[in-house]
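See the structures that follow.
The same chain A turns up in both complexes below, where it pairs with chain B and then with chain C.
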Partner chain A sequence: MKHFANFSKVVAAGALAVAMSSAAMAADGLNFPNLTYRTGPFAGTGTPIMNGQRDYMLMLNERDGGIGGVPVDYIECETGYNTNKGVECYEKTKGDALVTQPWSTGITLQVMPRTNVDRIPILAPGYGFSPMSDGNTFAWAFNPPVSYWDGAYMILDYIAKGDMSSLKGKKIVLLHLDHPFGKEPIPLLQKLSEMHGFELVPVPVGLKEMQNQSAQWLQIRRERPDNVVMWGWGAMNAGAITEAVKTRYPIENFIGIWWSGSDADLQNVGAKAKGYKSISFNVPGNYPVMDDIRKHVVSKGKSHVKSDADLDTVFYQRGIILSLYLAEAAKTAQEHFGVKNINPEQLRWGLENLNITEARLEELGMKGMTPPLQMGCDNHTGHAGAWMLEWNGEEFVRVSDMLKPDRELIKPLELEKAAEYAKNNAPWPGRGDLACN
Partner chain B sequence: MFYRTSGQFKTTYESDQALFPIKQDMFLLVVILAIMYAIFPMFASEFTYKALLVPVLIYSLASLGLNILTGYAGQLSLGTAGFMGVGAYACYKITTIFPEMNIIIALFLSGFFSAAVGVAFGLPSLRIKGFYLAIATLASQFFLVWLFEKWAWLYNYNASGAIEVRTMDIFGLVVTGPTASPMVQYYFVLGIVSVVTFAMINVTRGRYGRTWKAVRDMDIAAELVGINLMRAKLSAFAVSSYIVGIAGALMVFFWKGAAEPNLFDIPMSFQIVFIAIIGGLGSVMGNFLGAILIVALPVVLGLLPELLGLTIGSATMEHVNVMVVGSLIIMFLIVEPHGLARFWALIREKLIIWPFPH
Partner chain C sequence: METLYSVFIDPFVQMFELPDFFLQVLWEGLVSGVLYSLIALGFVLIFKSSRIFNFAQGIMVVFAALSLVGLHSFLVPFVGNEFVAAAIAMPLTLGIMYALAMGVERMVLRPLVGQPDIILFMATIGITMFLIGFGEFVFGGENKVMITEALGIPTGSIEFEPFGGFLLLEEKDVFAVVMAIVLVVSLLVFLNKSAMGRAIRALGDDHTAALSVGISLSTIWVLVWFIAGVIALATGIVWGARAGVSFALEVIAYKALPVLMLGGLESVSGAIIGGIAIGLLEKIFEIYWGQPLFGGNTETWFAFIFALIVLLFRPQGLFGEKIIERV
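And then the complex of A and B:
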């Protein structure tokens, strides 16, 4: 009955041989794998970020010969945002990897417990989940420069023009993806709504309804909210903006999280979406660093970008910022330990002690592109701050001063949820034997 | 030559009906099991366990469950992933409510929950069949994923909305959670898959299997010869969902370590249907062949360019991969519409009479 497996074994044995020989590929630079999603349903938003991340690392290799003289071995492993592929990619790349960048909440959740055992830092910039900020629980996980709870606070702060009590009696709709990522801001927003007396109406958008949100916008029209805050991703953003234009919702009262601010989502509606806002920890523009990337990467034909205009988009430049964190952390670690070829544990120290000052940003030709960032042992996020960007019909422009989260308010909630996570995943190692500095 | 059957005389009914009427089959199985249990663990890397061996076993098990229902009992189902989810969430709840419970017991208990849900959604099969039933099971798929998202009690009001697996051990040996060794998890999954497969081979050969096949081939005729259709159909739903539920629990506890509700969405149901169809409906071994083609082949293909020293972008490789696997599926279905299991059966037949043609 089971003679079938004869066949299967031949195939599997071949697979085995292949799998094992692949482990033999050794790297001689700083091995930074990235679990990309240039394919699949979210490729539209993933590709520009991945391009930015890649091009910054390539630029460092071309211009400075890498980081501290060691070239960066930048590897991509394609997941298509699929969690099964995520496990595969993590296992495939972890051998020589100094870091893992899982790029999806689902993959992050699967991989995070393993990184404690494999002792590889996990870098989830701008995503991950908010309690990750507590470095004493999540010793190996980092999500600079701001968490979703910080983002929710800063958006409300912007709506309230700095005076939260002015929100009293207002009605705010949270249009969110019905998925762990989209539900993330709800605990904080609920807390704020109790504190400041505004009404919060969460309107979920199912993964299958992303492109057709007529039911949700009918509800929004009935509710007549003062503001709509969006926690969207992928096709949901373009869907929501199109519906908002169609239902004539006053678009200037519509604000998205940083993943809902891709130029590509707005280009279809163009001028009709003028006034749409998105909070962002990077401001697109012409910075000196962009010239270096043009000179060393794009003009040499090494980049994946299709046209020069792609280099000015918010998401491409955000990719650059995300690679900046990794590169600076590696540099911090190299300087502290006095070794060029750092190991994952040293990179972890570098991330924990990352301090990107205003002066350093200027030196890198990135002044004003992103807020200065300082992380710490109990602060794996940095909580640097962000700006509000507005769509002027053609591109995103900055319309606010830097917004800052209220840490006094958010931190207790983070500690509470971090402790809960540790309890659910008991025995959770926590900081363990890792020295703080 | 390799499959010479001459000299193997059957002198009793028992020997004629034995599991392995031909000695070579038994011999092959022993070799395969030896490879699975002894040879692989000697060489396999963590990557091989996590990306190839364990997923293939788990998907095979899920497909075996579906095959009981669709291949043996003829009831179309598109809700497999939903039932896997029921198994996974049931196992999660059982292990959090009774933290002391042995994971093996929790695993086999959780199967009963998915079996119950499967029977409930199998009720329409008493009135409708074919495509209409497929739509009814599709409804269960939508409903269950919605339930996993909305019913916060199921994931213990977790902030992430996902279920996470804590570390558990059996008599001191860590089997789940991040510290569990992939080899231990592999042995665990392999053991369970072997036990269930052995049980199912015998169930499908026995009274229930024959009842199911009778219903599949012509339900009115089956009813006329005295088969209770309700019992036959619902038992198929129960057994099928039980196995599928265990596969779902294994997937989350012994492979992924965490799961979001949308893991159990339609794409996985379709993937399992593909495995069952390409492997061969109404066959046990087909599930394993199908899983190797659908689950393992893309992983191996993804490794090829690096092995050959080619530099192809990871994303490009992913596109190539989809194209290659897709065309292979079409090719296999054209060459042998009854699936890979039938393909092997033909090869075996030819080997038995070799070197003489018909």
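And then the complex of A and C:
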């Protein structure tokens, strides 16, 4: 018993030492929490992306000693894509955090008011609330490189082959998750429908129906739409593509948003889904940066990926791009303020002044992997553009030139909805004391 | 007037005008109903023998399917043949489900004997949390493809042209219906004709009386949890064949709740008839009333409303036992 007591003391002392050293490390490094969802119904979407995000940060630590010589503390807090757990994770990780990455439109909307008070930037790349682009209203929120409204416009532009008037008289189904994320493109699509005379038919998919969408696809069979646009996440994507194949819907007329284009979603139907398309702000390929990740992370057994083939997937490489935005913003802030250990406010400045040029992408070994991106005070999205990818039966390949959103059309709607949000959440601080420079 | 027309006339006009489409709706409803019945059966069996509402039934579906797919992918490089690997993976998965049943009985149920029902219910939530974490740790969270062809499940489709229209039956859906029927009949025979089956029913009727005649609580609990594991595996295979294997399969367990409300928690036949009734009715309602009148997605709530209405008239469910407690 005495030995056991001594042993307990040693263990306790050891644990305390480890905890203290971890805390010290956390204080010394760049603390980048990520509110991940590697479990639950949406894990199929989350896991490869989070693997990519994590591996890029680990690679920077291994290869460069971090960012500007400061190691990155990449911390994951598991939410299971559940909004309540997401808010808990935000509260739990915000202490030393330089940023929060909420990873769902629902969580983003919940934590957004808190980040104004806590003065922590939100990085919600490719998701969140489209009006977040208005930096004068949402000073602490960023959603590069394109918003959902940009995505909706670009998909329709692709369908219309650049001539939106050709959509007149057509019927377009929006198959969407019945969730804030899935409903996000509806205001813009309704506006486009009124402008260009096509019929928009929203078809919601409930959380419990994601794996059995027979009712939704019976409706699609009855409606006979010219095109189906999908706003799906997680298991909904595989469920929809399987049903589309089953009901003999012309698969080439089926296009998904960028979260509906994971290689894993297509494995269930394989070659039968040849022709399915998904818009994407990254193109998978064997870029020089991948060699560095293989060398510094994967070959050392530090990655969570199960096989080398996982590194070539759209979503894994998208995870790399998302971490790139954060790393480059931190570097921008370090250089501007002349400090290595930046604070959240300085990182916010770095995000607002982020400029990833073609030359910089080439320098990073990522040329062609993602569009160049420049953000600004009134542009927290960048609206960089995207490409259309097509499933060739085995993998996604690029089938379009760069697509661009019509900013003249979308921006007024963003400003209107941003003002509406600020009014509904008054007193909303807006830019407050933050100068635009 | 227009509303009355769309509620009382138009749906029936549509059914009459497009009879092939109506048949397709009925088939899809039947398939969904059979699958709901399978999930509900797992709940009923455990409740019948131990009065525990097993919250972990949904994650058991995921865990069983992940084990089968995971073992198969692990074995393929060693045996070099997909079919042989599946033939080995299947009994190994059943072994895992048996080990899980043993573990649950030894580590969770046995120490809690005599505790209130709510404690046992909470314990099954604990089992759920454990299986989510353990499953994610071992198999990862990525979507996986069910080994449909290696298991010999047909993947083609059968097409008909009734009334000059088009009706399509997926062979794997036909397989699911046939498998569910075989499973249910076997279960009914086992429960009614075998000594073990009678012991399960006796335990469900009265724990103390069953124990007094020498029925082993531990053996029966292990057996029942194992059978629930087998049902979970069957459910995982047929649902996984439809849209892949992922943690999202857990969510479908919630579809069994209205089935249980309707059929009664103790009734095997209630689970089957309740499941098929809900599958058919929610599909018909969604297509002919839900989508035109409510904008769709009525499957989320229709079954609960329907079950609540039934409960107003039969609080024990359609097939549940009416319990009279004397004070």
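By definition in this document, the second predicted complex is superposed on the first by the 411 of 437 C-alpha atoms of A that agree within 3 Å, B and C clash if a C-alpha of one lies under 4 Å from a C-alpha of the other, contacts with A are read in each partner's own complex, and residues count from 1 in each chain.
By our rule, contacts are C-beta pairs under 8 Å (C-beta built on N, C-alpha and C of every residue); 3 or more make two chains touch, one makes a residue touch a chain.
Bear in mind that the values here come from a model prediction, so they are computed numbers and not experimental data.
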(Q) According to the stated criteria, A:92 is in contact with first (chain B), second (chain C), both, or neither; which is it? (A) first
Q.
Contact-wise, after the overlay, does A:238 reach chain B, chain C, both or neither (first, second, both, neither)?
A. second
**Q.** Which partner reaches more residues of chain A (counting touched residues only), chain B or chain C
**A.** B
**Q.** Touched partner set for A:38, first chain B, second chain C, both or neither
**A.** both
Q.
I'd like to know which partner A:168 touches here: chain B for first, chain C for second, both or neither.
A. neither
Q) Of the two partner chains, chain B (first) and chain C (second), which one does A:300 touch, if any: first, second, both, or neither? A) neither
Q) Which of the two partners, first being chain B and second being chain C, lies in contact with A:420: first, second, both, or neither? A) first
Q: Determine, under the contact definition given at the top, whether A:178 touches first (chain B), second (chain C), both, or neither.
A: both
Q: For A:264, decide between first (touching chain B), second (touching chain C), both and neither.
A: second
Q: Applying the touch criterion given at the start, work out whether A:63 contacts chain B, chain C, both or neither, answering first, second, both or neither.
A: neither
(Q) Can you give me the overlap between the chain B contact set and the chain C contact set on chain A? (A) 38-39, 178, 207, 304
Q.
For a test of understanding, state which residues of chain A touch chain B in their complex under the given definition.
A. 1-9, 11-16, 18-23, 25, 36, 38-39, 75-78, 80, 83-84, 87-88, 91-92, 105-106, 109-110, 113-114, 116-117, 129, 131, 178-180, 183-184, 187, 207, 304, 417, 420-421, 424-427
Q. So in the complex, which bits of chain C are touching chain A?
A. 18, 21, 24-25, 28, 31-32, 35, 132-133, 136, 140-143, 145-146, 157, 168, 170, 239, 242-244, 246-252, 254-255, 283, 286-287, 290-291, 295-297, 299-300
Q.
Using the touch definition from the top, list the residues of chain A that touch chain C in their complex.
A. 38-44, 46-48, 178, 202-212, 214-216, 218-219, 221-222, 234-235, 238-239, 242, 246-248, 262, 264-265, 267-268, 304, 306
Q | Of chain B, residues touching chain A in the complex | A | 19-20, 24-25, 28-29, 31-32, 35-36, 40, 43-48, 50-53, 55-56, 149, 156, 158-162, 164-167, 177-179, 197, 201, 255-260, 262-263, 265, 284-286, 288-289, 292, 296-297, 299-300, 302-304, 306-307, 313-315, 317-319, 340-341, 344, 348
